[in-house]
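Can you keep this structure in mind? I'll have questions shortly.
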Amino acid sequence: MEPFALYFATILTLAGIYAALTLGLNLQWGLTGLMNFGPLAFVAVGAYTSAILTVGGSAQHLGGFGWPWWLAWPLAALAGALLALPIGAISLRLRADYLAIATIGIAEILRLIVRNEDWLTGGPLGIPGIPRPFEGLGLPWGQFAYLALVAAVVAGLYAMAQATARSPFGRTLRAIRDDEEAAKAAGKNPAAFRLQAFVLGAACMGLAGAMLAHFFKFMGPDALDPVTATFLVWVMLIAGGSGNNLGAILGAVAVWALWAATDWLAGQLPGELATRAAYVRLFLIGLALQLILLYRPQGLIGERPPRPA
Amino acid sequence: MLELLNFYLIPGLVLGAIYALAAAGVSLVYGVMRFANFMHGDMMTWGAYAALVAVLALGISPWVALPFAVAATIPVAWAADAAFFGRLRRAAPAVLLISSFGAALMIRAVVYFVFGPTPQNYGQGLVPPLLFGEVRIQQRHLFILAGAALAALALHLLLARTRAGRAMRAMADDPDLARVTGVPVAGVIRLTWAVAAALAAIAGTFLAIDTELTPMLGFNVLLAAFAAAILGGIGRPWGAALGGLLLGLAEELSSYPFLAGEPLLQPAYKTAVAFAVLVLVLIFRPQGLFRGMG
Amino acid sequence: MSLLEARGVVGGYGEADILHGVDLTVAPGQVVVVIGPNGAGKSTLMKAVAGLVRVRQGSIRFGGEEIANRPAEGMVARGLAYVPQERNVFPSLTVEENLAMGAFVRPAAVAEGIARVHAIFPELREKRRVPAGSLSGGQRQMVAVGRALMLEPRLIMLDEPTAGLSPRFCGLIFDKVREIAAGGTAVLMVEQNARPALAIADRGVVLAMGRNRAEDAGPALLANPEIGRLFLGG
């Protein structure tokens, strides 16, 4: 029973981390129409920031600050936001697709830095020994407690995202997304609003990165496949219903459950077939995205304009 | 000086020529269909692997396999358009971009499935470089430069001199007006995909000849292709080609030891040049350096 | 027999109808001018005929053939040419290429068509290698009209051809409209410049809020005091 419960907790924890990411992307794309194709850049910044601040000293990478996680996580969110600020300031006043390309670029640069700046990130060896909160409780309770922490963070982010969507700020974002000219005529500066939404979303992603690093207890360049993960986050949001925060969470949990289940299924196949099954899965999830875009563009739960409070 | 020419300028030109072909394709699709086609990189990969199949099956050289690469890539572009993009034509460009991102992953999944993740090559072996006095140039580099120049010339003639090319430029200028003048929009879109796929297949095969085949081959240069296209003014294939050439040169020259034996930029960061160029263009000249399609 | 005959046309963009049952008749070789306040549906009516706006109800017959909701691509070949109000040239194409686009569906007619357009607008001859995007407003209008005349259409539709032009060009365009009609091509024209346009029109049609309000011979509409007060600014 216990291995099963632990496995289940692992799946749920990762689903929760993806939910935080998807909520961030929903702020950017769902609410504001900003295409971020490099969410992993912000995840990486958050993950490494929190890792470096919390691990013990090592000659292999920067560290030795020994901060507690609850101090490091907000800084991870801040790091994500700080990375988003310049890139958003440059590309958000231009065409929407330029941001998509620029974010692919920033993800690529981050990947290079992570791999090559050994003094900072440990290079290919990564940063081991990242403390996981509640580890002292032992198994399985430590892991359950961590799951509860992640769930609490996601709940907090959800509450924040809902408040944002309902606020005058959120209404302005939607107005800009749907009709930029009309919003301009109403005296709003679309670039400034977009930048705020972009930075806010990036902060969520930075926080998700921190949660991920502390869950894995290790952060290295291969901890996440950037393309697959980026793609998954998009599928989660679009499947769940972009523009709807609950949809974002639902999409993250559903798609991650599916992803993990098929991963488990593929694992039952003999060696060579197992690797191939992973590619079939990649193909199918790509196809699923296309089918959703074509036949259910609003996702599981579509956007519901919140009633004016 | 010779070292600069042999080891930086010539490879830079070669890389630039490959970027030029890739960027021209991206720009063409953007001009006619008005969306950033994130599938372009994986169309390059597909073409390169199609050439590999021809090389292995027929025992021919990759240069001779180019027509096979082109012929295998065009149907993929048409299929993706028929199945996905064509049905989303009325949706926002952003949705098309996301869809092309999904299609890219589907292509990549097929490549991974069939060929696996291990890098491969066309088995050309080592060919001694050609020497012109002190100037040394790899044979493959000479062929790539000549091939890219031919492809660019063909694209130029198509756009500037033919009725079909004029229709493509008219669509890029104003799709509604083009329809009013009787341009068969569906046919022009099919032709545009065919040309873009051909450019992608050639660029991908050239890149694989110069480096090696991996399933990430094309996606890895997608950023450079877009940076070059934006540098040249997106929607203008000719400007995109010039942008590609500049970008390739900049990338190779960035690691030349200009600074007392120290390279300007550590070679590990070479691919960051594309990003730096992109950022600079977006800040200072978002409309691109050049004007006019064709 | 009439060349263009629209009956009870209802249609518009997306969900919202702009036209609420409009009738319109153009006889061969006639100049018909449509006037009316902003938002009356004048441009929408032309786009509906051109196949760019969906027609939900009613019929549009051209030369006896039903053309409502047919693809816009096919109109030129039927002898129906359309010049939109704005964005009516291909800016990156040269003047000559713009004209050639007018005969896109019949490549063999390009050379002859260009010669004919040059005879009507001699100014375009010396500009033929210049990108249309770099021309003045009046010259662009000539390119746009010239492009529409390339295949000697049976009907040419002009959406506010004099908008934003200097008085000299307005006069020139109206002269050319008469010249075109004299050559056998009917002209359907939407105009804000209502008085001079009606003065050269065989028929004038007044639209308001997507419905027909009045119709008469051009000069008769000009002389009608109520029309003058309501639609011609007194």
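So that you can tell them apart, the chains are marked A, B and C in the order they are listed, and the count of residues begins at 1 in each.
Here, contacts are C-beta pairs under 8 Å (C-beta built on N, C-alpha and C of every residue); 3 or more make two chains touch, one makes a residue touch a chain.
None of these values were measured; they are calculated from a predicted model.
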Far-end chain from subunit B, centres as C-alpha averages: C
Chain with minimal offset from the mean of all protein Cα atoms: B
Rounded Å distance, subunit A centre to subunit B centre (Cα mean): 31
Averaged-CA centre spacing for the pair subunit C and subunit A, given as whole angstrom: 54
Distance between the centres, which are taken as Cα means, of subunit C and subunit B, whole angstrom: 43
Partner subunit C, residues of subunit B touching it in the complex: 163, 166-167, 169-170, 172-174, 176-185, 292-294
Contact set on subunit B toward subunit A in their complex: 35-36, 38, 83-84, 87-88, 91, 93-95, 97-99, 101-103, 105-106, 108-110, 112-113, 116, 219, 222-223, 226-227, 230, 266, 268-269, 271-272, 274-275, 278-279, 282-283, 286
Complex interface listing, subunit C residues touching subunit B: 50-52, 71-77, 82, 84, 87-93, 97, 100-102, 104-105, 107, 131, 147
For the subunit A and subunit B complex, residues of the former touching the latter: 33, 35, 37, 90-91, 94, 96-98, 100-102, 104-106, 108-109, 112, 115-116, 227, 231, 234, 238, 275-276, 279-280, 282-283, 285-287, 289-290, 293-294, 297
